[in-house]
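Some structures to go through are shown next.
The following pair of complexes shares a single chain, chain A, combined with chain B in the former and chain C in the latter.
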Partner chain A sequence: MVNFGSLREAIKRIDIPTLIIVFFLIGLFILAAATKVSVTTLLSDSIVRIGMNGVLVLAMLPTIRAGIGPNFGLPVGIIGGLLGGLIVMQYQVAGPIGFWIAVGISIVINFVLGWIYAWLLDKVRGQEMMVETYVGYSIVAFMSIMWLVLPFTNPEMIWAIGGKGLRYTLTLQNYFDKALNNFLRFQIGKNFSFPTGLVVFFAGSCYLVWLFFKTRPGLAIDLTGQNELYAISSGVNPKKARRNAVILSTVIAGVGILVYAQSYGFLQLYQAPLFMTFPAVASILIGGASIRRATITNVVLGTILFQTLLTVSLPVLSQVTRGDITEVLRLIVSNGMILYALTRTPKEAS
Partner chain B sequence: MQKRMSLKDILIANAVPITFFILTFLAVLVAKIPILFLLSEIVRRLSRNTFLVLALIIPVVAGLGLNFAIVLGAMAAQAALFFVVDWGITGLSGILLAIVISSVISIFLGWIAGKTLNRAKGREMITSMILGFFANGVYQLIFLFFVGSLIPFKKTDFLLPQGVGLRNTVDLFGIVDGALNDLLTLNIGFITIYIVPLIFVVGLCVFLTFLLKTKLGQDFKAVGQDMHIARTAGIDVDKTRIIAVILSTVFASIGQVIYLQDIGTINTYNSHEQIGLFSIAALLVGGASVKKANIWNAILGVILFHALFVVAPSAGNRLFGQPQIGEFFREFIAYAVIAFALAMHGWRSRKGK
Partner chain C sequence: MSRLLEMRNINKFYYGNQVLKDVTITLDEGEILGLVGENGAGKSTLMNILFGMPVIHSTGGFGGEIVFKGERVNIDSPMKAMELGIGMVHQEFMLLPGFTVTENIKLNREITKPNFLSMVFGKRLELLDMEPMREEARKALDTIGMHSIDEMHLVAGLPVAHKQFVEIAREIDKRSLKLLVLDEPTAVLTESEAEILLNVVRLLSQKGISIIFISHRLHEVLEVAHKIVILRDGAVVGEGPKEKFTLFEIAEKMVGRKVENLELPPRKVPLDENKIIMSIKDLHVHMPGEEVKGFSIDIREGEILGIGGLAGQGKLGVANGIFGMYPATGKVTYMGKEYQLNSPLFALKNGIVYVSEDRRGVGLLLDESVEMNIVATAIQAFGMFTKRFLGFTIYDRKAIREHALRMIKELDIRCKGPAQPVRRLSGGNQQKVCLARAFTLNPKVLFVSEPTRGIDVGAKKLVLDYLVKLNREHGITIVLTSSELAELKSICDRIAIVCEGKLAAVLPPTASDVEFGLAMAGELEEVKAHG
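For the complex of A and B:
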């Protein structure tokens, strides 16, 4: 039985920006149908991009629920993920198995990194978002030095000239390129192919995180985020809960970048990790999360809306304007969304 | 709370400038750069960058923290310069016109920024940073897609081949390049000192010192210390904060004009981005914190930070055989200094509770 009251309630709770984006998206699809752009190709591409970015968005969930806000230090986890991928390449593990080994290594590395990162964030309670951002920037700059000096020797990874230092982008073609995308992939018609493995992986990650928030440590995180004093009185250690949330977020970020990389076909080093953070933060916010409250639904909905928007706007808008307006659109939409979330009236935000 | 500070307290309070001094000193030793060259570079950077760094002081005093939204002022300055270039107004009159136009735009942008930051009390810094990114998107939209189509632009050399959107670099040579620098120069041996930009810097220092002594300045301080107490004392807190942001944005725009006439070319889509980062890092290196900053922090910071900036690539080259490492290293230092200062701020405000 459909409860109309709660339905109306749900519609009322949808944010204005989310609505704007939904309408914009519908408009784009209508425009796409009117022009010569193939809607099925667009849908197919959108699904790939949703699966590709979804896990990174999922990494935002634990810290928001713990009351720390979105994890602006996403690059910390991404670095761990990249290291996993690099080690697999160094030992020349070919094929999809490399993906799982990389994931395993990245989880171990990120557990340690996340622990240190969580310790730091605990010291700076109240200033987390700013510190996170700059820790992210710092670690990316620091690792840029490391990419130049770490002793990787696989000739496919290092500069052809000089023989020292990793390249900017490493092709995964002989490694775990499309490890998930091609798993059980099937084709419908000429233009639509469904990356089963990728979608299953994203869904599975969401399910695991959802399950985690039903367990004791997960509930402790929720309680800490909602009301710290109440959490203490119910016998929860908020420090520990926040630490778990940060570690979880870091680990998911590492897995997320590997999922992204296998779909993209390249590992991107140096400055690249920096460009992952803000779109991920924006995605979960577009899905209806605030900086203090988020659900799996927000993650899935937000990723679908944001990525579809980006995928669809490129071919459709390029028919109307010249040049690549999507990059600018992405800057405005994602930062505008974060700005909206940060400046909401305190009552709503907290 | 007047208490004599022990040597240890002084060392801890000035940990960042002292560490940075040692670091820079070592880098200078390693890099083996001629000392005269280093001096001339520092003098030039003092006249080029200090104004921008000084623009950050008022928001810190008014309790808004580090104003990452000074990039809005920088964008206003660039917008103004583009039109000066388009109208072909050269020399000093070009610069003055650019300053006037950019100030007007900055007052408007600063007002918006102030309004926005008032809605985000307690998280001003992250909001100002995101505001900068957002404004960057709007800036790109205007200068990549609107210029030449919606906004007329006569100098087609500066437009992309399709006739819409500005090129990546806009050359100021022959228009306003060095228009302030070359008014009055002083040569001491190898070192050239550009007097006029330095006069601007000194003027702003004097103005800031004077301003902080006025009623408005006292209001800034009161609001910065405690908003609630300030409110009960009858100060319009929101308005005071908006004024602080407007002043900061306007100074930043003037600072960016000074900076760009020295550099001589505008990187249309990059020049403004680094300004926020490097100015803030310089101020913090000079010993400022999120809650405390004065003109000496700015000046000392510019000297130390830019000395390292000059020598880092060659130091990296000497130590590791790769100049790239030095470049990444100075970038790392800029970010790490900010991260450290923010962490200290968070740590202290937690301990204080």
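For the complex of A and C:
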């Protein structure tokens, strides 16, 4: 006998948008089966995309739990990650080891950047989300200048003509391209390959963050986010807790962009960091998080739904409709999701 | 006197639960009806039906009929209720904090004067006529004896008691007012303020306005009401003129079991007057509305010290200041050493625990589970309930669950289980969670503020009993701050009365009400000095 009561309870707890996306996704898979698109290829691609974007989504978690909303200033951390990657390229560290060095450097850089960023956010308490967005834009603009000025000399990185300034996209082919994807990769059948290293890395990151939120500094962030006065009366310094959350988020974002880059095969500079934020915010929200509450489950579920949706919709919908509907879909889903979450906040507060 | 209101055979279901069973009440013109019952007995639901609140109609309406002034009426919205002349002062303030007292009183009934634009485009563009509005607001305030409230003051800056009076003034300013519902009007007031309010209620009744008076403070109901209706679990269990009842009978009918006076258990070790655990000298606390200005007292080890006084005089500031929730200055020695103010962590580490008067705002994580609420502070401040795992010190779910279950049993916290969010618990059970949290921290000195505010009679007794138990069995020194003198008198060894931010007097619980009254007004010393 199926226990309908508990089943209904479980469905009730899932967000309506999450449910809609799930049904849409199931529909797409049915459509894929009906057309000639290979479902196994779709699944394989989806897993890669989930792994490469997942860590960036994870970066949203600490700030949401600290009560300052999703980290719309994701580009701050991304810049730190990119710098890590660039330094590895400059010193021509080839192969997967370069990835780990880049991660190490980015963590150091982001620790400092995160500190400054957290200090700034503390000054604008209550309006973090808006300020974060503008900080994101500003730092991208500032770094667009810096990419031209910074003394990188590796000919693979700088413009071929003129010999000054970094290129728009730098190929990682001779460096840490697919460092994680190819680690213990295995093939099932012709179309399905499993990027073990990538998935393990994402799972490991989630696990570490989950563990962190069970420690005292992690709990301090949770308490601050839920009830600042309770936190104070528990001996927490809320300013410090929020600062820790922002630094953690920035550091994760830096690692996240390196994971993304090694899978993608390129480092993208200039305007590119701006386009990472909204999909990441949308992902965690689709996973059922609100801008006040989020869990690791929301991160994983959201990334899976959002990335699978994008991967599947392109080949499937292009069979049915004309042109590239995926980009349109991505914009509708990500912006729509953020809008929905923002409108829902006042209700939650009461 | 003619019959004003009759609510006949009211039945109401919420999601299949019957919350009102065949409730019938009648009310004559100018009559005061005291409506009493425990939390969840159905008082608020009944009043929501009378006031046509949307929550009633969005959950399937109700059964039965309402007869107002001899006519059957269908009250389907608050607007309709207001048209009929039914006014309500809610438990939560329904005032606009950024507006003046006048604007709040005259809200939506503003007096306007025509101008050029309004002559062209109609009445909606008329300007506010502040002078007559002010006068009428003044009149309404004077009617209820609130000469001290400035009608041009912003509501945001008023003490809670004054806000309550502004609400009442707003209702009586409505000329068509026939029936006024006061839902727990004295919950946030001190006894002397409550006294003023009761006088206002009597005054209104003499003017022919009928009143439904809901209160947890039974002696107030007995004092002011002409007629009493007792609700329990959605049904009327007692009804009649007030002469029929005594305080104990009402309390008994309300909770359905006998209530006796607290019998305090004896101490194992008698109190030593010279053993001072904390000595407070010249404490200043900057807490808006409850400023402390030079408070001094010695707290004896193992005693239950009561702190009383009128609202706004600073009694709440003392505990807040010692614990570090609000900036404080002063000289405090604790167990022979200097005590560091303004640091909750220092306080916790030294065994000083504070249960806030603002249960929902400070004391609880409303969306977290019962168990997390109980242990979060202990994990944070002391690293209790933790284990080592992969180099991290993380909290231990199993240990937490065990402890939570023990506390739930010990304090009789009524919940579905340790994982239920505390938001869904009743006020009394939430307070028990707060106490469980405090006890988990192994306090030496426990500061408890207003532990029984807004909770029902049965839970009140449990909370006070538990405090006594902590004191007697665990030797915890307790500083109990409360606006209810009876509560302080029932369990305290000494009662300190705060007036104008300073210590006015320290009285034994056996002192007469007159002495307490004088101390609260800050006049005890003078009276003693001059005979």
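The rule is short, and it goes like this: the second predicted complex is superposed on the first by the 338 of 350 C-alpha atoms of A that agree within 3 Å, B and C clash if a C-alpha of one lies under 4 Å from a C-alpha of the other, contacts with A are read in each partner's own complex, and residues count from 1 in each chain.
Please note the rule applied: a residue touches a chain if its C-beta (ideal position, glycine included) is under 8 Å from a C-beta of that chain, and two chains touch if they have at least 3 such contacts.
Here the structure is a predicted model, which is why all the values come from computation and not from measurement.
In the superposed pair of complexes, A:V112 makes contact with neither chain B nor chain C. Touch criterion met: A:K123 reaches chain B, while chain C stays clear of it. By the touch criterion defined above, A:I20 lies against neither chain B nor chain C after alignment on the C-alpha atoms of chain A.
By the touch criterion stated above, A:L219 is placed in contact with chain C alone, chain B being left untouched. Partner contacting the larger number of chain A residues, of chain B and chain C: B. Once the two complexes are laid over each other on the shared chain, residue contacts for A:I325 go to chain B alone; chain C is not touched. When the two structures are aligned on the shared chain, A:A34 is found in touch with neither chain B nor chain C. By the touch rule above, chain B contacts chain A in their complex via residues 116, 119-121, 123, 125-127, 129-131, 133-134, 136-138, 140-141, 144-145, 160, 162, 164-165, 320, 322, 324-325, 328-329, 331-332, 334-336, 338-339, 342-343, 345-347, 349-350. Remark: chain A residues 211-212, 214-216, 219-220, 223, 226-227, 229-230, 232-237, 293 touch chain C in the complex.
Partner chain A is touched in their complex by these residues of chain C: 323-325, 344-345, 348-349, 354, 356, 358, 361-368, 376-377, 379-381, 383, 386, 389-390, 392-395. Residues 72, 120, 123-131, 133-135, 137-138, 140-142, 144-145, 148-149, 164-165, 278, 321-323, 325, 327-328, 331-332, 335-336, 338-339, 342-346 of chain A are the ones that touch chain B when the two sit in their complex.
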